[in-house]
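Below: a set of structures, written as C-alpha cells.
Same chain, two partners: chain A is paired with chain B first, then with chain C.
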Partner chain A sequence: MNSASARAGTRRRATAQGSRRGGLTWPLLVTKPLVVGAACLLTYLWIDGQELGFTERGLLNASRLRRLTLEHLDVALSATLIVVATAIPLGIVLTRPGWRSLIVLATIGANIAQATTAFGAMVLIFLQLIESPGSTPGGAGRTAAILGMAAYAFLPVLRGTLTGLDQVDKQTLKAARGMGMTGWQVLRRVELPLAVPIMLAGVRTSLVLTVATTTIAALVGAGGLGVLIINGYESDRTTIIVAGFVATAGIAVLADWAGAVVERFLRPRGL
Partner chain B sequence: MIRLESLTKRYGDLRAVDDLTLEVPAGELVVLIGPSGCGKTTTLEMVNRLVEPTSGHIFLEGKDVTRVNVSTLRRRIGYVIQQSGLFPHMTIADNVATVPRLLRWEKQRTVERVNELLALVGLDSATHATRYPRELSGGQQQRVGVARALAADPPVMLMDEPFGATDPITREHLQDEFIRIQSELRKTIVFVTHDIDEAIKMGDRIAILGEGSYIAQYDTPEHILSAPANEFVEGFLGEGLLLKRLQLARVRDIETFDDWPKLRLDDEPAVVQETLRHISREWVLVLDEQARPRRWARTSALREGTDRLSNPGEPIQTVLQDEFSLQQALQEMLISTSGGAVVVDADGRYRGVVYIETLNRAVRSMRADAEDQLVEVDRAAGNGGARR
Partner chain C sequence: MRVTRTIRNIALGLVFGFLVAACGEDATGEGPLAGQEFTIGTKGFTEHFILAQMTRHRLEDAGASVDVRDLPATAQVRKALLNDEIQLYWEYTGTAWTNFLGHDSVDPNVDPGELYQQVAADDLEENGVRWMEPATFNNTYAIVMGQEVAEDLGVTTLSELAELQQPREADMTLCVDTTFAEREDGLAAVERTYDFEWPRELVTSMDYAIVFASVAEGECNFGEVYATEPRIEELDLVILEDEANAFISYLPAITMLDETYQESGRQIEELVAPIVERLDTETIIGLNARVDLDGQRAEDVAQDWLEEEGLL
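Our next item is the complex of A and B:
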C-alpha cells in the first residue's frame, strides 16, 4: 500500500469511528449551548427593554445572578456526586453473586425516595439538622438540600448500574472467567467498561434531574436560582420569575449537554 | 493428559453429568458429541471448574486439580467458546494478550507473542491488531478466539462448539486451519460439537455421549464408523456411513496400480507405434515430458491418426494426491473417462491409478479390522459385549 492510500484508509477509519461515537459532530456539539445562549440573550434584551423599578434592579444584578447560579450548581453537583459515589458501588455489590436477592429491596427504597418528593425529604432533614447543636441555618439548609436532592436522584443511577451490568453478554463473562480472571479483574476489565454507556445514561438523567429540581432548595434557605422565582412571586414581578425560569432551564439543558459530551468520550471504543 | 474420574454434576434432582470417567491422551484431540442437553458443556466446564463438580476428580497431567486455585488453573487451560466470546471493548491485540497480561509477562514478550499468534491463525497483525472485534467477520473473530486461547501456550485446550456459529464454508476453513495448527502444536484438547461430520474430521478420538454424559462409545473415528457399538451410536452417525468412512481414509491407504497403458509426449515415434500396437484397452494415458498426467486419449484414434499425441484434447481435471480422501477419489472415478482415477506424487508426476474395486476392498477391510479390535477389547475387558 502506498502512503497516500494508507492515509486515505486511516481517514476513512477515523470517520467511521467518529460516527460510531454517537455522531458527535460539530453542529450537534454546539447546537445546545447556542440555543441556551440565544434564550438568555433574548431574555436579557426583553428585560432590558422594560421599565425596571428599584426592586428589579436590586434583585437582578450580575453579581447576585452569579452567586445564585453558583449556589445552585453547588447543591446540584454535590448531590450528583454523592449519588454517583453511593449508587454505583451499591449497584455493583447488588449484582455480585449472593447479593442479588436484595436488588428488589434496594430498588423499592430508591423508588420511594424519588416518589416522596425531594422537598419533603429536604424539610425533614433540615428539621433534624437545625436541632443539632452548633448548626447554622445556612449550613443546615445546604446539607439538607444536598441530601434531599441525592435521595431524589438516587434511582436513575442505581437502575443504570444494575441494568448496565446485567446486560453484559454472559458468554463474554464466561470467557473472561474461563481464562483465569479473578472476580475483581472480570469486574474492572470487562463488566464495568461494558456497562459504562448505560451507567452514564443513568448519571446524566440524575444530573439533569438535580439541576432542574434544585430550585426548591431555596425553600430550605440553601439559595440557588429558585430564590429568583420566590423573589418574583413575593414582589409580584413577572420579569424576575421569567429570569429565574430561563436561568434554571438554561443550566439544566447545559448539564444535559455536558452529560452527553462526557458520555460520548467515556464510552469505550469498539462498542 | 486429562483424566476425569467418576465425575458427577447434579442440579437438584437432575444429573447433568453422571459418574463420567474419561481419559484424554496427551497431544490428542478428543471430541465430545451427543444430543443437546446431554451434558457436554457441563463436562467441559468442569475441567476448568467454571462448573464445580458435585463429586469426582479431575486430573491434569497426573495432578489432581479438583481443589486447586481456579484462576491459576484456568490460566493454564486454553478456552474457546461459540460466538468467540471476545471482549468487544478491547482491540484484537488486547484480546489476544489477555492471559499473558494476567500472567504479568513483559510487554515486549507479549507483543511478540500476539503477532506470532495472529500470524499462526492467518490474520495479518498490521491490519487487524488495532481493530475491534465488531470490525471483523464471524470467521475472523473465531480465529482471534483461538489465538487468544493459545496465547500463553497452555498444554490443554477446551473448545465448546468453537465453529458452531459460522456458515458451512467458513467452518470448513476454520476446521482445516485448526487441524493444521494442532498438527504443529499437539495440544491436549477436549472439543465439544453437535456436528458428527466435524467430529469425524477433527477428532483423534470421539466420545459419543448419551443422557448424563453416559459414554455410548469412545474410540477413533475409523472404528466408530466401521463398527458402531450400538443402535444409539448408529442413529447418531446417521445416513451415509459408507461415505463418511470414505471421507476418513486417504488415498495413501489404498493400493494404486501402474497397469494402465501410457505414452509420453517425448517418446520416440517408433516406441509410440510399438506401444499402440500392443494396447488392448480403449483408452491410453498421455503424460507430458515431466511425466505429469495430461489427458486420456482413445487408442483407436491415435492408431488411425485422427488424434495425435501432441493434441491438447480434454485435459484431466483433477488428479489425486496421497492426502486426498477416498471420497474425493470416488468422485474422481465416477467422472473419469477410463473408470480409474489418476494418482500423482508431490511433484505432480504420475504414480498410478486407483479403481473402484480397490475402494470397495479398503472399506470392507476397515470394517473387519475394527470388528477384530472390538472383540479383542471386549475380551481384554472381560465383558461379553456391553461396553461402557
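Our next item is the complex of A and C:
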C-alpha cells in the first residue's frame, strides 16, 4: 500500500545519488556517438579531397553547416517541445474519469495529422499565416515548419501518455486512494512516475521522427539540413546530398541516443 | 431471332472496330517518321510539359510512336538523354552554359542569339549533343516586387535596388526558390553584376510554388520568379529591369544526341519549326496561364493550341 509512494521516493533519491548509472553499460553509451562521429569524419575526409564547385563551396563550409544545423534543431526541438507541452496534458486529461469517451476522437485527430503529408500541412499553415491580416512579415516559414512538424509528431506522445497511464496497475491506484490520497496526489505520485517509461518512449519516437522529417522545412523557408538535400539533388552533386544525409541521420541517431540516456535516468526503480 | 440479331450486332461491331483500328493504324503508320520510336523527357514544370506535348503531337502526326517521360529536374533529364533513355527534350541555353559546359557567367555583351550559337557549338563538340533552332522567348530569372513596394521604394531597376541597400536595407526582404540563392547564375550573378551583397538573413528560400503568394502577401518585398510566368501579370507584380544583364538568357531548343540527329534530325527539325517560329514570350505566357491559372491540362493546352494554329 505504502509501497507505491515509497517506491517513487526512493527512485528520486537513487537518481540523485547517481546509483542508476550502473545500469547503463559503457559500450552502449558510447557506441552511437562514436559511429556518428566516424561517419561525419569519413564524409569530411571524402569531401575534403574533392574539387568543389560554386554551390558546394557555398553550402559545405563550417559556418553555413553550423547555421543549417542550428535552424534544423531549432525547428525540430521547438516542435517536440510543443508536442510534449500539449500531448502529455491532453493524454492526462483524457484518462481522467468522464473524459475517456473523447480518447477515440483525439486519437483519430492525431492519426490524421500524422497521415497527412507534413509538407502539405506546412504549406497550408504558411499561406494562412501570411494571408492573415495584421501579420508581421517575415518568419512565417519558421512558424509554419514548427507547427507542421508538431502536428505531424503529436501522435506518438499522445499514444505513449494514454498507454502509459492505462497500464498502471488498478490495484495500486485503489491502494493509493485507500491511503487517503486525492486524485491529484494519485496522479502526481503514483500514476505519472509509473507511466514515465512508456511516455518517454513516445517522446523519443516523436523526437526522432521530427528530426528526420524536418528536412522538408526547407520548402517553406525555414532552412535546415533539407537545404543540402534539395540543392544536392537539383544540382546533381553527390557530395552535398551525402553531407545532408549524414548530418540529418547523425542528428536523428544522436537524438535517439539522448532519448535512451534520459529514459534510463528517469525510469523508476524496479521496472 | 433475338440471338441472331445480337450476334449480327457483335459482328458488325467487330467489323467496324477493325476498320477504325485500321484507320488509326494508318494515321500513325505513315509519314516521314513512320515506324520510329521516340521518348521525350520533361523536367517537371508547366512550360516544359507544354513544349514536350506539342513536340509529341507533331512527331506522332508524322507517323512516329512517341512516349513522354516525366523526370524530376535538369540533372536527371540530361543524364537520360546522354544514356539514350530519352531521345530528345527541350533545354534552355543558360542552363546548358552553366550546368553542362561549366561556365560561371556570361559576358553581358553576348546577346541571347550569340549565346545559343556558342552553346550549340560547344555542346556538340564536347558532349555530342545537337541543338535545334531555339524559340524566341527567354525564360530567364526576374526579380519582382508588388506595386506598393515599387511606389514606396521608388526603384525600377536592379542597379537602383543595389543603391537602395544603404538607406533601406531592412526592406530588402527576398523570397526565392530553393536553389536560386545557391546557384552561381542566380543571386550570386545579381550581386556580382551590380556589385553589392544581398544580406543573407533577408533572403528566404522556399518552394517555387509559394514564392508568388509570399510576395503578393508581403512576407517578402521582393521575389525571384521565371520571366515567362503568367502569375507576374495576374498578381500585378513589377519586374525590376536587369539593365546590365546579370541573368543569362534561357532560350529553349530541342536537344538530342548526334546519333539521333543523323537518323531523323532533319525531319524532326522540319516538324517542329512551325512551333519554334510561333513561340514568342507573349504566346508562351498565355499558354502557361491556361495551365497554371485556368487549371487546364498541359496536354490539352498543347493540342488545342496546335489545332488553333492549324498545326494538327
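Assume the second predicted complex is superposed on the first by the 241 of 271 C-alpha atoms of A that agree within 3 Å, B and C clash if a C-alpha of one lies under 4 Å from a C-alpha of the other, contacts with A are read in each partner's own complex, and residues count from 1 in each chain.
The rule is simple: a contact is a pair of C-beta atoms (placed from the backbone, for glycine too) under 8 Å apart; a residue touches a chain by one contact, two chains touch by 3 or more.
Since the model is a prediction, treat every value here as computed from it, not as a measurement.
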Overlay on chain A: chain C relative to chain B, clash or fit: fit
Which of chain B and chain C A:126 touches, first, second, both or neither: second
First (chain B), second (chain C), both or neither touched by A:185: first
First (chain B), second (chain C), both or neither touched by A:176: first
Touching partner for A:141 - first (chain B), second (chain C), both, neither: second
First, second, both or neither for A:194, with chain B first and chain C second: first
Shortest CA-CA distance between chain B and chain C [superposed frame, angstrom]: 50
Shared contact residues on chain A - chain B and chain C: none
In the complex with chain B, residue positions of chain A that touch it: 169, 171-172, 174-182, 185, 189-190, 193-194, 268-271
Contact footprint of chain A on chain B as seen in their complex: 45, 48, 50, 70-75, 77, 79, 81-83, 85-91, 98-99, 102, 132-134, 148-149, 158
Touch list for chain C against partner chain A, complex: 72-76, 79, 99, 104, 173, 175, 178-179, 182-184, 188, 204-207, 209-210, 213-214, 217-220
Interfacial residue positions of chain A with respect to chain C in the complex: 53-55, 58-59, 123, 126-127, 130-131, 137-138, 140-141, 218-221, 223, 227, 230-231, 233-236
